[in-house]
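Multiple structures follow.
Consider the two complexes below, in which subunit A is the common component and subunit B and subunit C are the respective partners.
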Partner chain A sequence: MSELFPRKQVMGFVFSLVLTAAALTVYFLDVSFTVGITILLATAFVQAAVQLVGFMHVGENEDKTMIYMNIYYGLAIALFTIFGTLLIMVWDM
Partner chain B sequence: MDYFDRFAIPHPSPAIYASMVAIGLTMIAIVIGLTYFKKWGYLWSEWLTTVDHKRIGIMYLISALLMLFRGGVDALMMRAQTAVPDNKLLDAQHYNEVFTTHGVVMIIFMAMPFIYALMNLVVPLQIGARDVAFPRLNALSFWLFFMGAMLFNISFVIGGSPDAGWTSYFPLAGNDFSQSVGTNYYLIAIQIAGIGTLISGINFIATIFKMRAPGMKLMKMPMFTWTALITNAIVVFAFPVLTITLLLGTMDRLFGTHIFSMTNGGMDMLWANLFWVWGHPEVYILVLPAFGIYSEVISTFSRRNLYGYKSMVASIVIISFMSFLVWMHHFFTMGQGPLSNSIFSITTMAIAIPTGIKIFNWLLTMRKGKIEFTVPMLYSVGFIPIFTIGGVTGVMLGMASADYQYHNTMFLVAHFHYTIIPGVVFAMLAGLTYWWPKMFGFMLNERIGKWAFWFVAIGFNVTFFPMFFTGLDGQARRMYTYSEATGFGPLNMLSFAGAIGLAIGFALIVYNVYYSTRHASRDIGSDPWNARTLEWATQTPVQSYNFARTPQVDSIEAFWDYKKNGKPLFKGEIEKIHMPNNSGMPFIMSCIFFVWGFSLVFSMWIPAIITTIAIFACLAHRSFEKDDGHYVSVEEIEATEKDWEVLADENR
Partner chain C sequence: MKIDNSLPLEYGTEQNKMNIFGFWIFIGAEVMLFATLFATYFTLEHRTGSGPAGSEIFELTPVLIETIVLLTSSFMIGLGVHAMRIGRKNAMITFFSITLLLGLVFLGVEIYEFTHYAHIGAGLQVSAFTGILLTTLGTHGAHVTIGLFWGLFIILQVKKRGLTPQTANKAFIFSLYWHFLDVVWIFIFSFIYLKGMM
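== the complex of A and B ==
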């Protein structure tokens, strides 16, 4: 019986609902801009991870290491680009 | 008639009217020719609808050569204008348009299709595959690129060319300072071509990861395939940035947003920043395939295996990552503080290290080799010193404080031509000559080829070396003229002379194609260069299915092992082969994209909306279409393969 019940998927679903609700609070609660953006960013990233692992099965494939490497590579480039841009355009202007 | 006023050219000149007439006449001639020789059906069924990677490669090749011609004419016009002080050949406005289209055409519409031409032709063969992973998408990529290129090229006769430089910096490129539709053409044509490139990127990564012959581990792939893989990885990471940047620019110009404007909360420098986030990786997209071609050519004609395979792979992987970390070196002088300038200075200088490793590897490959100076080898050997000059001046530019002196002078122009011409043009000519027999079944004449090489190599240096000096003396780039008192005259005249030499070189290459088509021997076997990789283990010209039986690989140079040690490449029985069907959809959809782009350029909303819907209709059609491809039967394969040496060899 326990094999038949998609435990992981249901948990993932519940978790993604929780994350959505958490992101929604930013709208209803009266928080400052910085706090709001921080919550949004954090929930967005966790949400993406939940989707990738829970529903897109990144880890359940023979190419697992390749896929993870690509994700890390992409993340590294994205973070460098974003923080580099912030540095150039805002912090160091 | 008011409606049609928008299509008029804002700055007409006799030369433009003459080209209008020429374009019109050429189109009429093509239509009449096709009708007269009854070639419409052939054109449609063999080319416009093809999904065969080799044919798509040839179409990329032809387009790239056409665009090389167009960009080359622009270049000659610029050099002619600046050959003497206070020249009146072109006025300031025309000069702006010419250098803008020259840059865009050469990078986006010449270098990119040339690279994809060779990747299409060679990669599936090198990995022992029958086609790319998604053949129909591949056709779509080509046609999107082609329609983008055509859209860009009609700008100068309908509505006016872009004139804000190939970098098209806002706010200059915004509506306030560039009123003609030229920049709309820039934004939308590159957008369409860029979508094609992004699709190719995904397609080739999938192909190389999933379709290698049995036994070909990643570390057993030929070097050109490695560089193709990494290049496409950079494409997939860099082109989305371009897509968004162009989109934001389009929003500003067509829909009145203020993203890159100086007022209303816009960030006026953000375009430069985003453009180079794509732009610097782009220059490595251009140069990496060249590295792959040189590796193949140098190892073939030194009769040695490539020195330091692993370090080669490592250095291209490192280059691909680092190419994303240096973009700010293109605007050191924009006004940010010393902290960011220092960080990006250091990353910029560091990227020269992996590039240097590769130079040493090629040199060591040639060491003690039996070198044979064929035309491809001449280009490869010529590349090494010339590219080194480009790299060294790059490191000079990379020092932020020194760059205040060099930035936007002819010194910069000399630098990037010293990297791009050996790094793209030489490589493409080497690759073209090297793979020509595989594509067309005969070889290009070596003697004419060598003459062409010397004209190109010497012409190139005579054109661009003087720019280092005039640049250091203060000649700014993109200036349409200068006064006699500056003293730039003689060196610019020398540059012009060099440009003529280059033009002669290219004319010789065209003549060589003509000459060899008529006179070259067709009896060259399937491996005329005595090469080492799998693409030479096919028939010449290659069958539509490439390999009758999939090759079995267990070393980096499987074909060489087969030839030297008799290790069998093909095992087992011939089986029927599954191949994709041709399809007209990619072509039709791209034509719709063309109309869509044209409507957006002129803000004609009704056709824009209709074509947008039509594009989605094409996508929907594809989702519901059932197309299982077709089989080539065993009898047919056996009939085509029976006289062929490799197979015959094995059956002995």
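== the complex of A and C ==
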């Protein structure tokens, strides 16, 4: 039975739950917007990384350099789109 | 067909490796799709017109249920892939089935949430905010719905044909898709719900 529950994945799951609980502090505690957003950015991106590396096995593929490059490319476009939009439409710069 | 036995079954042939790499490119495109939705959401977030704001309609309980359920299902499919790699077909099918059941629970809660929104006057056409909110959530929900059918067919195929380089490859690619949906949900949970309720 225990061979069906590899340590790495169980730890990844527990860690994800802890990060979810950490993110909830912004709801239960009275934090300022800046502090809250910082907490959320940290917990969300760390959790995404846990999924990618721990569960999606990106690193064990022999094409991993190309896969990482593709993820970074997708992520770069995503961040440019989001922050570019924020810059012009929300922050009014 | 040449099968490389030093690698997990799902990477075993040249075609398999290309399928997996191709799917990562698709995921890259999906990242950009959701980025445009998030960018639009952040732009329209406060354009509520005469409709309600996020802080007035978001409720923690259903959102937390959705989060935990999807996180657990993502864990389950990870265990499913692990079981597949050690050749435990029945365990793999069990884990994949639990994954889909949890996906179904997620979808049920989301449908409840959407009808609740429509009920309290936060339907799709009420304001720019409700429009982009429901479009973003709905795009994710549509992905989950497609995933449920896809996963069901994968389970049936593994049942019928056993673990071959082809079925293992399809199952692994489906697991990538499912984990990705959880990643998207983490961002929805953090930057739509929690940010809205903060």
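Just so we're on the same page, the second predicted complex is superposed on the first by the 84 of 93 C-alpha atoms of A that agree within 3 Å, B and C clash if a C-alpha of one lies under 4 Å from a C-alpha of the other, contacts with A are read in each partner's own complex, and residues count from 1 in each chain.
Going forward, a contact is a pair of C-beta atoms (placed from the backbone, for glycine too) under 8 Å apart; a residue touches a chain by one contact, two chains touch by 3 or more.
Only a predicted model underlies this, so the values are computations on that prediction, with no experimental measurement involved.
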For subunit A, which side has the bigger count of touched residues, subunit B or subunit C? C
Touching partner for A:Thr85 - first (subunit B), second (subunit C), both, neither: both
Could you say whether A:Ser16 touches subunit B, subunit C, both of them, or neither, answering first, second, both or neither? second
Scan A:Met93 for contacts with subunit B and subunit C and give back first, second, both or neither. first
Using the touch definition from the top, say if A:Ile67 reaches subunit B (first), subunit C (second), both or neither. second
What is the contact status of A:Thr43 with respect to subunit B (first) and subunit C (second): first, second, both, or neither? second
Who does A:Met56 touch here: subunit B (first), subunit C (second), both, or neither? second
Once the shared chain is lined up, is A:Phe33 touching subunit B (first), subunit C (second), both, or neither of them? second
Touching subunit B in one complex and subunit C in the other: list those residues of subunit A. 63, 66, 73-74, 77, 81, 84-85, 89
Enumerate the contact residues on subunit A facing subunit B in the complex. 63, 66, 73-74, 76-77, 80-81, 84-85, 87-89, 92-93
Interface residues, subunit A side, partner subunit C - complex: 3-6, 9, 12-13, 16-17, 20, 23-24, 26-27, 31, 33, 36-37, 40-41, 43-44, 47-48, 51-52, 54-57, 61-63, 66-67, 70-71, 73-75, 77-79, 81-82, 84-86, 89-90
Which residues of subunit C touch subunit A in their complex? 11, 17, 20-21, 24-25, 27-29, 31-32, 34-36, 38-40, 42-43, 60, 64, 67-68, 71-72, 74-75, 77-79, 81-83, 86, 88, 91, 175-176, 179-180, 182-183, 186-187, 189-191, 194-195, 197-198
The residues of subunit B that touch subunit A in their complex are 209, 237, 241, 267, 269-270, 273-274, 277, 321, 324-325, 327-328, 335-337, 339-340, 343
